[in-house]
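Note that chain A is present in both complexes that follow, paired respectively with chain B and with chain C.
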Partner chain A sequence: MAVLVFPGTNSEDETLRAVRAVGLDGALVHWSSPEVLAQFDAFILPGGFAYEDRVRSGAVAAHDALIDPVIEAAQAGKFVLGICNGAQILAEAGLVPGTGPLRHPTAAFAPNASGRFQSVHVHVKLAVAPERIPILAGIAPGAVIPAWASHGDGRLAAPTDELERIERDGHCAFVYCDRDGNPVPAPNGAALDCAALVNRAGNVLAIMPHPERDAWTFNHNDASRDAARGDTQAMLAPSGGIRLFEHFARALRGGVPA
Partner chain B sequence: MSATRTFAVTLTIPDNEAFTAFETLSRLGIALARVGRADIWLFDVDASAGDLAATIASIETIHNPNKHRLTERSSDRPAPGEVWVAPRDEAPATLVAGRAIAGVRTIRRRTAWRLVDDQGADVPSAELVRAVESFLCNRAFQVAITA
Partner chain C sequence: MHRTATLVDDTVALGRRLGVALSAEEMQRIAEHLGRVPTATELFAFDAQWSEHCSYKSSREHLKKLPTEGPTVLLGVGEDAGIVRLGEWNGETYGIVVAHESHNHPSQVVPFEGAATGIGGIVRDVLCMGAEVIGVADPLRFGRLENEHCRYVAQSVVDGIAAYGNAIGVPNVGGDVFFDESFDENVLVNVVALGLVKAQDIIHSRAPQGSAGWDIVLVGKATDRSGFGGASFSSLTLNEDDADQNKGAVQVPDPFLKNVIMRASYAVFAELRANGITAGFKDLGAGGLAGCSAELCAAGGMGAEVELERVSTAQRDLPPEVIAIGETQERLCWIVPPSFTPTLLSIYNDMYSLPRIARGACAAVIGKVTGSGRYVARHHGETVMDVDLEFLTGGIRYERPYVLPAPAEESDADRERVSAAALAWNPTSLFERLKLVLSHRDVCSRASIYRRYDGVVRGCTAIPPGFADAGVLVPVPGAPLGVAVGLGGNPRYGKIDPGRAAELAVVEAIASVIAVGATPVGLTDCLNFGDPTIPDQMGAFVAAVEGLATSAGALGVPFVSGNVSLYNRSSSGNHVAPSPIVGCVGAIADISRTTTGTFKRAGSWIVALTTTDSFGASVFAEIAKLDARGLPGIDYETFKESCAIVQEALAGDLVLAVRDISDGGVLGAVAEMAFGDDGRTIGVELFDGFGTGKFESGRLFAEGAGFVLEVGGHAEMDAFFLLCEEHGVYPDQIGMTTNGERLVYRHNESQNCDEIESISIAELREAWEAPLRDFYGRQ
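Moving on, here comes the complex of A and B:
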């Protein structure tokens, strides 16, 4: 498992920590070493501000040499997960929703409707049938995952006909919801209240909120954190957003749980 | 009675964003020697706007005199050879840095790009279009405006 690092990426360590917590063998791969990517089975593009998000969030990285082998791997069916800035890069690369030519995006994670950077705790709910998203093997129908949304450009935007296609063909993998799974408006004004896009084959997932930042009890914004006070082992236990990585790991094991 | 006044803000220090755009466009095979970039501010103003240039020059969110040059333009359209990129679903703002400007009704922003070849001339329009469609503008949520 390769965790890609561009100049300006800032979530690689917590992402790698989550990857290793679910039993995967992960390594950081920096932008100067695209040639080593061929040896990896799967890829995660973590959050941050690749190339300072110059020109447009994810736009420069989507044309970087480090993405060439990722595109090749995605087309060969390997699993690719993008989180936050990684999701923006995947959209700019045309890998999600994947309805147009490569690097000619048909959708974007555009500036938030508020015009401001927002950092809020959210929940997201699986909005497609589990079989539609093999990158998250074994995920339950309607699964709810907590995460921290932390972005300035997270609003799904696309022309009307493309949004209809995204909805009709099940490209919106997760929608924003409350902790019980009830729909809530996207905090960033995203079309379809969509938090994540998946490609047609279901092997490329681009999710805006950060599950890796809510993957340990001490990260949680609920009573479970309060209940763990005084119990170091419970406080440091993986939970919540780690489930997304568990399903990802299960997909890499051919659907076999750890 | 309202009118649109157009201001361009350029960097007087090296423009890292323009340089990064140059690097990426070069990687895409577009032959060019330099990329120019400017922030374009369009102000719809009424008669009470007063000395708008002086007001804008004093708002550091727009213009920091230590690193920016502020120029008023005579047109609210791109110059020949230039392309402006703007949000498709733009809702014009009424505030800058949380404050209203006297006499200003709405504010819109664009990013202006100019691609220059090794002779100092604008690149051919076909190359500019290729740069726009392949990199400078995401048609999913942006529009490109040319002269």
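Moving on, here comes the complex of A and C:
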């Protein structure tokens, strides 16, 4: 399991921590050594501002040598998860929704409706049938996951017919919701209130909010942290956003629960 | 004699021609010391090193009064940042690096770049201690938003902080913002940065012992003309006519390159540890390459020989003085043994491929450490600088004449008069008054600002901005250790009484980390004042330093780092409100014991500790136009006991939420506790537990040292009262939390419970959120 680091990536350490917390054997792979990627069977593209997000968010990284083995692996059915900037890179690479040719994006994560970077706590809800998304093996229908939407360019945008296709063919994997799973408008103004895109085969997932930033009990600013008050082990335990990584790990184990 | 006169005249003439800020007396000292007319490079080097910014020439004498020692100090004042003890984990002692910096002048001239490079500079100060940078917090002081230029500055500063901090991946976990007309022409942009380092891995900003012959390695961005003269610029009075010229003195930020340099430096730290090598590391700030390498070598009692043509430059034919003194951003300087140099260069240049990241960026050997005690710089073989290091960096001292401000005393008669006026000021209901207070520019919600900052990158954030008075991080993966950072400093107080304002700044910073269950372990200050050559302004500074010393001494928390920013005045003669701004770092031994400042459940008691009667400089006094002259008094013994009560109550699970009392007073704190952003809707029922008339008199809006607490159920309340009794502090019961969505006020709970007033929490919240949301936009 490789966590890719482009120049400008900034969320690699917490992403690797989350990966290791769910029992995966992960390693950081830097842009200066793309050749080692061949040894890995799954990939995570973490958050940040790869190549300064020049041109468009994720656009330069989507043409970097580091992404070539990832594209090959994705096409071979291996699991690829992009979070935030990683999601933008996957969209720019044409891997999600994956309805057009490579590196000719059919949908993009465009500047937020506010025109600004914003960092807000959100919940996202699975919007497709669990069997539609093998990269998250064992996820329950309508599962709700907490995360932080911390981005400037997270608004899903596409031509009308492409949005129809995204909706119809189940490419919108997660939508924004409240803590009880009731739908809420996307904080960034995303079309379909969509928080994540998945490709047709369900092995490539691009999610804008960061589950790894709300992945430990001490991260939760709600009643679930209060419940752990005074219990050091519980406070330091993985929970909340870690569930996304648990399902990802289960997928890598061929669907076998931990 | 004649020869000396000519020498001095020639030097002063050169200085004037070059436009340095050195005084004629200073240039005379330099000329007489050198026995010759200095070169341009030398004169610029002295200009930077002897600037207020680098030398603390007006302030150093007074700063000695601050308490700087204690068992929590791992590294005290003296290097780029101080280090306090966080705690032990797995047999290792962890320290928190604390640095505090201002970028006031640059942010007034080019607000976006000025604020961004402010973050960039402070991050390097922390990095160069061998630490991972784990968080920043920004105290900001803006002018009035009615003024168009102030609006532009207030927008652009926030944009600049967001652009830089977000990109480098350091969470912004706190800050405060005040608006005042004294900042119309002189914005204050301060920044506190925190780092994590094991005690045994601290890297010092000095050439190690016996390092003669070691390499001096410059890392980072290609040197250009940007930021030339920055140090002396920041020590000048801003003049509107020079605005364009001054823009050249501001550095250009490159957070993208910084992101990579930070990560590469972490890799270097790991290599140094693995090989047991001691090195010197320092960031390039004011005074550029010469300033940094000179201070490194001077601190180690060594000397330096630098070949300026080896410096990677962005433009051809840069004159030597620009290469030596220019303040191009994103650069750091290492001193390493030659055996380690290839590894160092390879990490930056190959593994992290700096030359691919930005044109001309690299790590390169630019000189050698010597044992000579002299700083020698050559440019293509020509010596352009040859000075005694001690003379250059030992700096100069001024004993500025000063006039201490008269302390703002408030007599009992004054207090009674003001109380009567407060009682008389009753245009509307209690809750209408509360709405006015909550929508005041210094009280209203800051969410529209902090939501532009990434407060959660790195995944270590326990309490991001908005949930409590202090931000809390859990920086060591797997360990229960937490670090809190809180701020204090109120310009409304500073205008009335700089000394007391400084005391209250310390108290507020400490109270804010106490409120999240942390133990204060270190303080850091940024002292923003006017022109020190004016005795009143210097007097305000001196009074503030004495105030800091009094407060920190009484409360037993040492200062470990700080910064002084003087000359915060505009050409029209306006000085900023005396602004001693204080940050406090708190250590948390067990993160499961921390709490936020928002109500957790219905049926809890709401209790206030150590409320004061003083309205002086309060938000309420301004709204009600009360002629209140004194500032809140501080009873340090009572405050210490109150802090102990909060700590013990948290440890004993008696308390669910805590806020310190600041702008908006007790009732402002209660309202913010009800505005929890965590999915709970909790109402409040207030009753007049203060005794008769306290609400009516508006005393719930008085500000001063203290806390508001949510105390669990009846059993917890009994235990809490016992605890208070043990500490000799008498708490005020001011209400209960309810299942409703309203704030309700009953005259006296023990009587007929006639409901007097009620308002929806949502309506209060709207009053609190609207002002800055309307300015900065909904996030």
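As a convention for this text, the second predicted complex is superposed on the first by the 258 of 258 C-alpha atoms of A that agree within 3 Å, B and C clash if a C-alpha of one lies under 4 Å from a C-alpha of the other, contacts with A are read in each partner's own complex, and residues count from 1 in each chain.
In the analysis below, a contact is a pair of C-beta atoms (placed from the backbone, for glycine too) under 8 Å apart; a residue touches a chain by one contact, two chains touch by 3 or more.
Here the structure is a predicted model, which is why all the values come from computation and not from measurement.
Student: Using the overlay on chain A, decide if chain B and chain C clash or can fit next to each other.
Tutor: fit
Student: Identify the partner contact of A:S119: answer first if only chain B is touched, second if only chain C is, both if each is, neither if none is.
Tutor: After superposition on chain A, A:S119 lies in contact with chain C alone.
Student: Applying the touch criterion given at the start, work out whether A:M208 contacts chain B, chain C, both or neither, answering first, second, both or neither.
Tutor: Touch status of A:M208: no partner.
Student: Taking the superposition on A as described, I'd like to know which of chain B and chain C A:P159 touches: first, second, both or neither.
Tutor: first
Student: Go through the superposed model and pick first if A:R179 touches only chain B, second if only chain C, both, or neither.
Tutor: A:R179: touches chain C, not chain B.
Student: Could you look at A:A108 and tell me whether it touches chain B, chain C, both or neither (first, second, both, neither)?
Tutor: A:A108: touches chain B, not chain C.
Student: So if I put the vertex at the Cα centre of chain A, how wide is the angle out to the Cα centres of chain B and chain C? Nearest 10 degrees is fine.
Tutor: An angle of 70 degrees, rounded.
Student: Touching A:G230, do we find chain B (first), chain C (second), both, or neither?
Tutor: second
Student: What is the contact status of A:W148 with respect to chain B (first) and chain C (second): first, second, both, or neither?
Tutor: After superposing on A, A:W148 lies in contact with chain C but is clear of chain B.
Student: Output check: A:E52 vs chain B and chain C. Expected answer is one of first, second, both, neither. What do you get?
Tutor: both
Student: If you tally the residues of chain A touched by each partner, is the higher count for chain B or for chain C?
Tutor: C
Student: For the overlay built on chain A, what is the smallest gap between any CA atom of chain B and any CA atom of chain C, in Å?
Tutor: 5
Student: Going by the contact definition given at the top, which residues of chain A touch chain B in one complex and chain C in the other?
Tutor: The answer is residues 51-52, 115 of chain A.
Student: Would you pull the chain A residues touching chain C in the complex into a rising list?
Tutor: 5, 7-11, 13-14, 17-18, 30-32, 47-49, 51-52, 114-121, 148, 150, 178-179, 187, 210, 212-216, 218-219, 221-223, 226, 228-232, 234-236
Student: Going by the contact rule at the top, pick out the chain B residues touching chain A in the complex.
Tutor: 16-17, 20-21, 24, 27-28, 87-89, 93, 133-136, 138-142
Student: Within their complex, state which residues of chain C touch chain A.
Tutor: 162, 166-169, 256, 259-260, 263, 350-353, 356-357, 451-464, 467, 474, 477-480, 482, 590-593, 595-596, 600, 653, 656, 677-680, 777-779
Student: In the complex of these two chains, what residues of chain A are touching chain B?
Tutor: Residues in contact with chain B: 51-52, 54-56, 59-60, 63, 65, 91-92, 103-108, 110-111, 115, 157-159, 162.
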